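Once you've had a glance at the structure underneath, I'll fire off some questions.
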């Protein structure tokens, strides 16, 4: 695991505990209770059933561990690995009650995060060689921000703002509500921003960009819904003085043409808001 | 809102509080703080940008209410309504700090749940007239089970087990681990199940179904990954004595052919595990 | 321990943590702090002081473990065992601070749950041979539902609905508020119920039962406050087509006569709402 | 409500929220959802079905309020009131979904706490005129300590230690583990106790009491499992220099004879550990 | 209140709830319960007893509101105001039980935060005219980060990193552990940092600064424990290409001389780790 | 560690978890992620940089343990020890990610609690030989009451009320609101107080003390803001019948003269509300 993929258990645990409580209710796993003694043990293997990129094993491990501290979970591949159908990803051994009880929670999280990592990796691959960063947004699901953004990193992408307090992002609405000009908004932002906080300005027209650049500028520009031509002109106007980020309407098909405009970053909300789960199964050894 | 769409705030609140804390961190919305006075107020409209089915307004309301109890949120369309681009879904009025601060959390949840409702509705539409129930599974995201299943109902679908304790679901693994036959497994299950608890047996071959039917049977059969022909034979074998549920490989394209086999239920994990968010925006009135 | 008595620690922990925090406040166990060094260790034995059935050792273990992970707790009898005065139930060894500090919390839970198990077992014994299930209700105490229902199972009883979302239970009030007939209520319920969800109808007169049976019926009937004669007639009317559950006014004295009417289930709220704690002590070895 | 019965909502809320979440699961009240529209409203009356003392209305109110802030709850009798069958205790008006959904949680808590208050009041009545305080212990259920002790006060009783940190209670085990004499234990306790903290010594023989009194003594003595004669002698030995508390084996039958020995306090674990719920119903107005 | 002082209640509430639970335990405010009826109402005024800057009224309001939603709290001065002995800061009216019960919690938070704001303001005043930002650090108390940093803003200061995930801060240890040079560390950081994330390098010698500047540099330099002369040389070396932050050993006496060296930021851990509470009282109107 | 310094992890954990979540946000320690692999391990030593008294190592240990259960933390000095610059207090070994990630949280708590212990010890030293107890108050920070009071004990001080429910403290406001005399207030308090609960009366004039003593008196008197002469007269009036506590205006300079008046207790709010952190560092071994 590369360092960028380290998330302490502290950030996984609330998710796992919540999911297990949702699933166990107050009666627990009645099927297992009806059929199996608690002493029964087994060994099972997480196996990929599709091509993609792996993310989420630390969460899967916790799902079993939370049910029974004596289960053994052994990752067989590193987070961020490219996986193909049939690959054994991890094994888990221990009480059947814990393994059957935690299976769904583990798979739900693992296939969701691997889905994000896989899609991110596909876009990263599509823009290979352009030097562009593929970046997620704040369009995440409640409670899942830390792990969804982690999965983007696992897929080779990078993260935009983690939340509202780590950068200033000026949008149309802010400027309209301030009742002022871009210049005034940038000035107010700069006065208020902490010295380690960057300021990004959203622009959807080159005139706005021009106005911003003429008055000292922002640290980054979010170039919203622009076509490659416009993006190319924006990049040339910015001329290395700030980060150029393209956003809006970026699909697997359009990513490369947008990346080739010279922007530094492509940001895509759908990496986290419209996720296709990656098919992963848990095969129980007889 | 039909009664089936009622979820008390108690089940929405933890999600909203978690999402807002993720987004506000410890510094809050620095952009708004930098630019706007707290007294600034505004009015904004949630507007559909795509065709679909609406779900999630109760959560959106709470996002603003949690930030400022004095905001007014007015739903303009009922949960479960069919919506089209341009439709005004709800309005929110109040402090700019609360509305800009809660916007992303509200939209993230609303577009996710409306995405689920819309896809469900599309499948329900595809099987119209067959009398089949379109049903979700336990393949939900951590913490989101209540609202994802609610969204399926909003789309006209119905819910499978809510969790491990409300029905017995016998799978291959259970029977193998029990070291016994389907007959023995059903007997053990029936002895242990509460009197208001149904028992479902997963079968992937007609021989298994035959064995089960011959020994008193289950309340429902999950017919896993069967083609229409097999499903038709299974339905005929069951002959109304139990529920027939088809599962596995059901897509928008195959749903109708599977529904026409006479099964009672189609269950689809991807309704909740692979969600495409519905595009909804928040337009701020000048 | 039979499988039906498995509850993961996840469902015990919030109770134990809450109880310990209630007892330790912010100052902790001042008596132990005043008198004993932290290094002092001891060994103690949980011992029955009354006849009954054992339930709750997993919770007792957690009470000590939460205070000091190095304590050793060894169950000597299985959950659900019949116990008599003097029986050694479990031992705990470790720091005196942890054992004296957790003693009350462990005993409070253990004696409460063993009280439930013991009373349940007494009723189960009273109806022995009739084939009737002895069943608890939703009349549980806040936060204790999972463990109270577990204790009923430990005593040989079974569980009714775990909560409002796992079966439909139609009562007078529902039908009156619907403004309709039993027939309409059953029809509405059947349309809405998930395919793994049973429907039970509460009736307090045979005419209601007749009406229900004539229109397709429910999966189960709760025969409320009926005398043995009425129960016998109800059972004969139902004639095996549905579960017959007797409820209301069932005491140790009346249980057998009601069980002998042919009903399938006796349900008793007082198993969980009016519990007599079983006397269990913790004897410290010198 | 007398002041002694004031508990802020803050101490009721976690119980109510927990109980509602236990009951609603992730699907909510499916019966109400299946049958009734959310708009349906009703009015219902809490009515006593047994003689006793009322406790718990603040919790009942919160059960409905948590489900729907627009419900109106009107107490008709004060906490601690003597009630008789048929007495109207409170009314609740609002959405049927909230009232039917919260009914069981409200009744479970109300009948449990009124059960405690009623039993306490019966013992208080039995010892009337002796000047003895009837007192509960730390034998409470997980999470319920604040409300169970409140219910004891509602019944006219008083509270012992609230937890381990508000008084020092020296028992046999402490002294044995200290490896010393009562004298040494009292000395150590006095050195460590905060200046607003009392020290109580448990004694089960008069010799122990004598030893304690001879060395400066404790603030109170817990006279454990003593017969009236012994109690009388203990009281005479203490002679007003400390509180005399009788504990162990106090039943409705023996309470008066023990109270008449001159002790100051009777403490009874079963007031809270072995509670008979008071029968209270919720009648819905047509 | 200026916008920069807006923190939603969501960030205050956990603190207030925690503090009230700490103070109420399970028995509540026994003094008030013993003496006053619940109906008693009163009006009280928060009054400064010392010179300083006000911060924390939103928290004080919540302390009373959490105990009784019907209390009225009226701020009389804005957050961040300069206050002097005798100034009326806010009034609270409502039940005596709520006001006496919440008084200590409200005052504890208010006097702590006003203490931070006042000290910050004193330093801001000391460096007036130099254009230097006075900045806090991550040296905050558990659970108080959001409000302590808010109080710094109330005193006219600004905030450094809110946490570990909003900027990269390279220290000696990082570079040593990486086993590399400053150049390599900066390169690794730049590759990994999100595009809205700044990189700061801690240097305690000018040679380190030179090495860093020569290889492209960081966005900011933390000049640790440098004397004014060194700081001046560092500022001249940086020459406007990055932020210069002085840290370590900055006291009210040395602040101005350090600020006059041309650095952009002074950061002071003791603003939040060594706080002198500002004396504020609650005067109850007869 | 003396027994009085034992606090179970249960009371430390919420603080540590909260602090780590504040610091890790959703992205975690991006610096470490950018620079170091997860496998990197190190060893570090907590070292005093100032004279004082040690408190807080159990919390420091948990900070690392919560991030990585495999870290080893070894205390080298006992809680409550006198420490001097250079003293090695504890070592921690394990993954660099956990140690660098938990460092700030550990140091923040450790230096805060050692600050409290050190100041307490200084006052205890100042009054040495007078037999006076140095005592803290309820002026603590939200969430920190248990550990701040623990730190006072570590410094040789003792604790006043832990909260509102463990003693009755009658102040001017209570008596005024009761609309009565001191006599009436004491009578009401005595009737309501549990038998293990002491009653303290705050007096700021000797006439009040006289009135109280003449009517049976309280268990303790808080002599508020009195000069040594007044205190001496108060002590002589009380004459050993109750505890005499001096409060208000007690500084390192005045402590001894107040202690020598014969009072039993000095209570000082600033021990916990105005804390100067003790300088402690974490030195990483190369």
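Chains: A, B, C, D, E and F, in written order; residue numbering restarts at 1 for each.
By definition in this document, a contact is a pair of C-beta atoms (placed from the backbone, for glycine too) under 8 Å apart; a residue touches a chain by one contact, two chains touch by 3 or more.
Quick caveat: nothing in here was measured; it's all calculated off a predicted structure.
The chains in contact with chain B and with chain E alike are A, C, D, F.
Separating the centre of chain A from that of chain F, both taken as means of CA atoms, is a distance of 43 Å.
Centre-to-centre separation of chain A and chain E, using mean CA positions: 31 Å.
Centres computed as Cα averages put chain B at a distance of 51 Å from chain F. Residue positions 4, 22, 24-29, 32-36, 101, 145-146, 159, 162-163, 165-167, 192, 197 of chain A are each in touch with at least two other chains. Judged by the touch criterion defined above, the protein chains are all mutually in contact, each touching every other.
The part of chain C that touches chain D in the complex is made up of residues 15-16, 18-19, 22-36, 40, 42, 96, 100-101, 104-105, 107-109, 111-112, 115, 138-146, 162-170, 173-174, 176-178, 185, 188-189, 191-194, 197, 270, 273-277, 284, 286. Across the interface of their complex, chain D is touched by residues 22, 25-26 of chain A. The touching residues of chain A, counted against chain F in their complex, run 1-11, 145-146, 149, 159, 162-163, 166. The touching residues of chain E, when paired with chain D in their complex, are 17, 20-21, 24-29, 32-38, 66-68, 97-98, 101. The touching residues of chain A, when paired with chain E in their complex, are 4, 133, 135, 158-162, 165-167, 192, 194-198, 200, 219-220, 243, 245, 264-265.
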